[in-house]
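Sharing a structure here in structure tokens format.
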């Protein structure tokens, strides 16, 4: 299998020029194996999804619909997914033999993705709670608990999660790493193609360095194939559809909330009503409270 | 200069600069191995002949003679002529179809022998500069014309030009000077003797008309 | 009386061999057990070899040996080595492999691992002269020579020299050499009109048709080499020097040479490389040099980045010439082109005051050498359009202004104002104008016909036309024939035959009775001039005339001894030596030859003149006893330097919509003394001028500045002129005025036409563009169109190798 | 690896007797196979030791690939292996489709026209000297265009249609077949397909490593010239540095149908300005229906270069293309 593509530069020195395209197929295969494997595993280990506790009703102070994703967050997610698919298609279809003028679409989508990510970083860290994605001690405990359940095969929902379960957080951070990888290398590579922004210049970096850039871009690119496959797979799994819906509509039901989340970790209040919190005083929009992570 | 590591055998050795030792060794002619350009496949790391590929031992019709010759698949006609058949009158000036010194006639038409495979001309009539004059040494009208006009300077291009002239007079025995120039435009002369060469071409046409 | 051969067209003795395929050039020889060599060329413009691993190659079946820089004589910087551990241009040979066949050698080269450390490189002399500019050599960027010092130096100009120069004008910092005549400032002061331009001349490869292939073998202690060289005897001498061996142990076979133009004057490193590789592997070795390799190792003309300022009095007389030349030296040696250029300019225009400044900068581009009219062709092609500009400003005819400034025989040349043997450029201009029809054609200057505009150009080009002091070697054998032994080369100028005419005419022999012996050093050669710099016809008509004079005296003495009377009473004619008063009383030369052998001593070569060169002595001694042997040195008086002239006149048509240039008419007229061989002279004039056309309109180098490697290295990218790029029926003429200071009266003619051809075109193009001097060669389609359209030029003002 | 040139690496040579055998061989050897027609492009690649095919399929023995036949619709079908000399000299082509005869007659030199084939000329690779030097550029499967670098030597490169790669199509006959609405007949194991000349040549935006739609296993067998443009008014011009050998700096091919001084229909193609022979559809539409005049021609020229983007050393190609387009519409008047 070809992992790296090498070539002799004009002076006869060997340099990398990119990843071997076999890796693209490898990524596809891995993605397929994972989804299939996971599906089989779920079927064999878990029985039916544990029944949700009966709806305690409004008494619990939990609103009927718990806001999970604000409009801007959803917009970001779907725009990013469009950009991502555009990038993957323009990057890999030609390699697979489906040829069309892809370069412009690719870099435009890349620029779009970059802007979206920039906005998301700003939005999540300034306007919303940056730390909600942070993996804290509690998340680790939660992870262990889940692991224990899995091993003991215990059927009670076990430790329930905060707003973002550990697996979501881990996936998010992996995406951050890989995403930043393609974005940074991709922006560099734009210097080498004809764009309205600057004259084409292949000599910004030495050809050895360029080789590394191309290889990184390629590796991150194929990694995304696998990750996106897994992501889409989970989105369409029956027991996760409620999450997918929440990414479309923004909310989850009280029942879903209670069966999947720990109100202690993810404090919510009836939409629009004030609820006293440990932090006291300051009101917060339904969804996340400032104490989400501070109360331990 | 600093020492350079030079490995000229299986194991490394480091030489440092030394002055050239005067002296000559009587080498003489060692083992005879005049395969010249190409030898057997062993030395060429050529794969065993694939099914359906060409036979190497072929017969060429050169200057009216049938010549049996062992020709590799990737051998150019110029190399076969010069290094297998001893016909060194055909010159290699560029080996890239850019000078015409290697021009020969294939069935009377002028071609660059550096840019065709010998296997492409099996069964066709090849004429080289050596085959132009009659068996009794009588010069071809084109050659006679060159003698009459004192053509060429260094003459490395001459065999090619002469062959193109021969092709020209066969198809157009009464050319204008401009037509002659176009007929010879695939041959390069670095001495810049084009004017005299054109005089030769016109004279050649004249002679071929009278002798024809 | 036999018909004199001088002034007559003859059939060169080698012509039939050349057109029947029997002429054997270097690559046409075979030797028993011959194997093949391939060179490994540097992929970098400048690098240091850190490691060579040939073990895998040497394990290949059929690979016999590898030659590296360790196996060859060392040379001192900046001389060119045979093989190198510090390649200084892309394509320089690092090592050579010998194998039983060429394909194996090629594969072996690819399997050799050469670890190269890239070093800084310079392609453009002006960049190297910048304060922070790169040097082409680790030891510096110029080779300094004065009376007591010869050393590599780093020569830089101040930033102010560059910043101070107006956009597009050559910056002129401290020169490395200069000379002056009078006070150029004063001269320009006196001028009524001034022209000033920055001029760019490309570097270009010689590209003779025959690449410098070589076959060598050692036999019984002797080295036999079959080479492609311009100068047989002198190649043998320089190759012996290169290999540090005795000339007696060296047999050089050079019967034919497929063109040289200055690139094959004497021995070339590849000859020594082949010989040493043959020695190392103990087999005859053929190094088949390809066109691709020839581009790298085949020599080139140095490019100029120059500036010139000319002052003219209202009558057209040049009062001052200020010239600055930055020369692209290549990586080795020391090219004299810039000096010669200044000398040629001084001769052509006889300026009342002149200053020359220059610097020759090393670059990481192929080695330079003389190329037909070295320096002269560049400067004439560059300066003539400036003279036109002045003529326009002064409202003078362009022929007239040249005629006015050109020297007569009492003219001078160079910084020391040396004298001339004779010079008739004014007459040459008149004759050219007459043949070309200058008066009628000049009326068409600038006229348009559809989209084509006409330009008329003229160029006046001198070059050194001969040297002196070489030897002649003749034998009259008992077969009654005169054997003229030639040590000069045979590259198509017909000199081997034409210089022999001096002897045959003096001895009044029919041309059929003359046998020219040439090309193979085993066939005994006299010490000869290099077949270069237009020296041969002058140097060797003299040498052969001297030898023939000696032969005639010996004939007279033999006749007087046998038939009585005084030697002076005898005359030669029709193959006999006879009494003037009684022609019936005499003997055939055949008989005289027999008598010479019987008499021995000085007559048959057993006693020789003291002043002969060792090579001539050895050859004459080897021939002793074979007939009447005559060996003599040219001691004829010669005062001043000998220069020949060519006037070129051209009519061109430029398509104003495409920039396409067509040369419609051309006339070349020579002042080269006595015409020895009219048809060959015409060929030299036209051929040289066509090489000039190539310089002016198409040939060039292209280098990628980032990687320092060339692209225009094949014919279709280097673009030498083809038969459709030149006029169909060029005309020519010659003054045929004998030079008073040489017996036959003939001067050389190889070089001058190149500048004449180049200048006629650069001048005609400027004329077609309404007097705008693009002041750059080559004037390719894109350059001309950009000038017409006023779009951005395809080059920066001082840019080279584009 | 060391620079080594002018020694062809070994390969197996196949000389099939008919198209089926050839296609079968191509299919068998896949990407190891190389189709050899006249060889004037191929030998450069072999001698530079850059392309090293294992199996070379030489088409000279396939009679059905050579020759010029009349087609039922009154057009011509030219075998891909027909020599350029024969194309240039053929009476029917000269008489009815002079445009193609002119283009073929201006290729390189007589010897090259005697050996080079129409198919080979159309399918030849670009002459970009960076690419041809074996550098790892986009077209060679690498990640760089050395010719588009700010300081690159790109006098002969493109001013239009670039996409990362800025090489140009060198074929003299390409703009002619485009202007004649020719159809390219392609055979492969899968059977025969016919592609419009205009679609046959592809730019780097679509596939940066190929000049045409031909893929491994494909064989161009013939070029069909429809009757549509027979006896139209043609114009072909090739501007080059030297009259022989050189490729076009810019070339133009046009076919016009003029009635009563009005341009009824037109085809216009230029080469040497883009990675593919460029048909100027917009210019065509603009001039159709106009009276043929200097003004129309001049405007067409200006329109043709509107999107041109020259590189460092090839500004001249813009006015050159403009002027040639102008001539193509003017001088045929």
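As written, the chain order gives the labels A, B, C and D, with residue 1 at the start of each chain.
We adopt the following convention: a contact is a pair of C-beta atoms (placed from the backbone, for glycine too) under 8 Å apart; a residue touches a chain by one contact, two chains touch by 3 or more.
Just so we're clear, the structure is a prediction, and the values are computed from it rather than from any experiment.
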Comparing A-D with B-C, the busier interface by C-beta pairs is B-C
Per the C-alpha means, the centres of subunit B and subunit C lie apart by a whole-Å value of 27
Whole-Å distance, C-alpha centre of subunit A to that of subunit D, is 49
Whole-Å distance, C-alpha centre of subunit B to that of subunit D, is 30
For the pair subunit C and subunit D, the C-alpha centroid-to-centroid distance in angstrom is 42
Note: subunit A residues in touch with at least two other chains are 10, 12, 203
Note: subunit D residues in touch with at least two other chains are 1-3, 6, 9-10, 133, 146, 149, 243-245
Listed in rising order, subunit B residues that touch 2 or more other chains are 44-45, 95-96, 98, 182, 185
Every chain pair meeting the touch definition is listed as A-C, A-D, B-C, B-D, C-D
In their shared complex, subunit D is touched by residues of subunit C numbered 38, 40-41, 43, 91, 102-103, 106-107, 109-110, 112, 114, 290-293, 657-660, 698, 702-707, 709, 711, 715-717, 719, 721-725, 780-782, 785-786, 789, 791-795, 802
Within the complex, subunit B is touched by subunit D residues 6, 8-15, 25, 36, 39-40, 43-44, 46-47, 54-56, 58, 60, 108-112, 114-115, 243-245
The residues of subunit B that touch subunit D in their complex are 41, 44-47, 49-50, 52-54, 72-76, 95-98, 100, 103, 109-112, 115-117, 119-120, 164, 182-183, 185-186
Within the complex, subunit C is touched by subunit A residues 10-12, 203
Touching subunit C in the complex, subunit D uses residues 1-7, 9-10, 49, 129-130, 133, 146, 149, 151-153, 155, 237, 239-247, 249, 310, 313-320, 323-324, 326-327
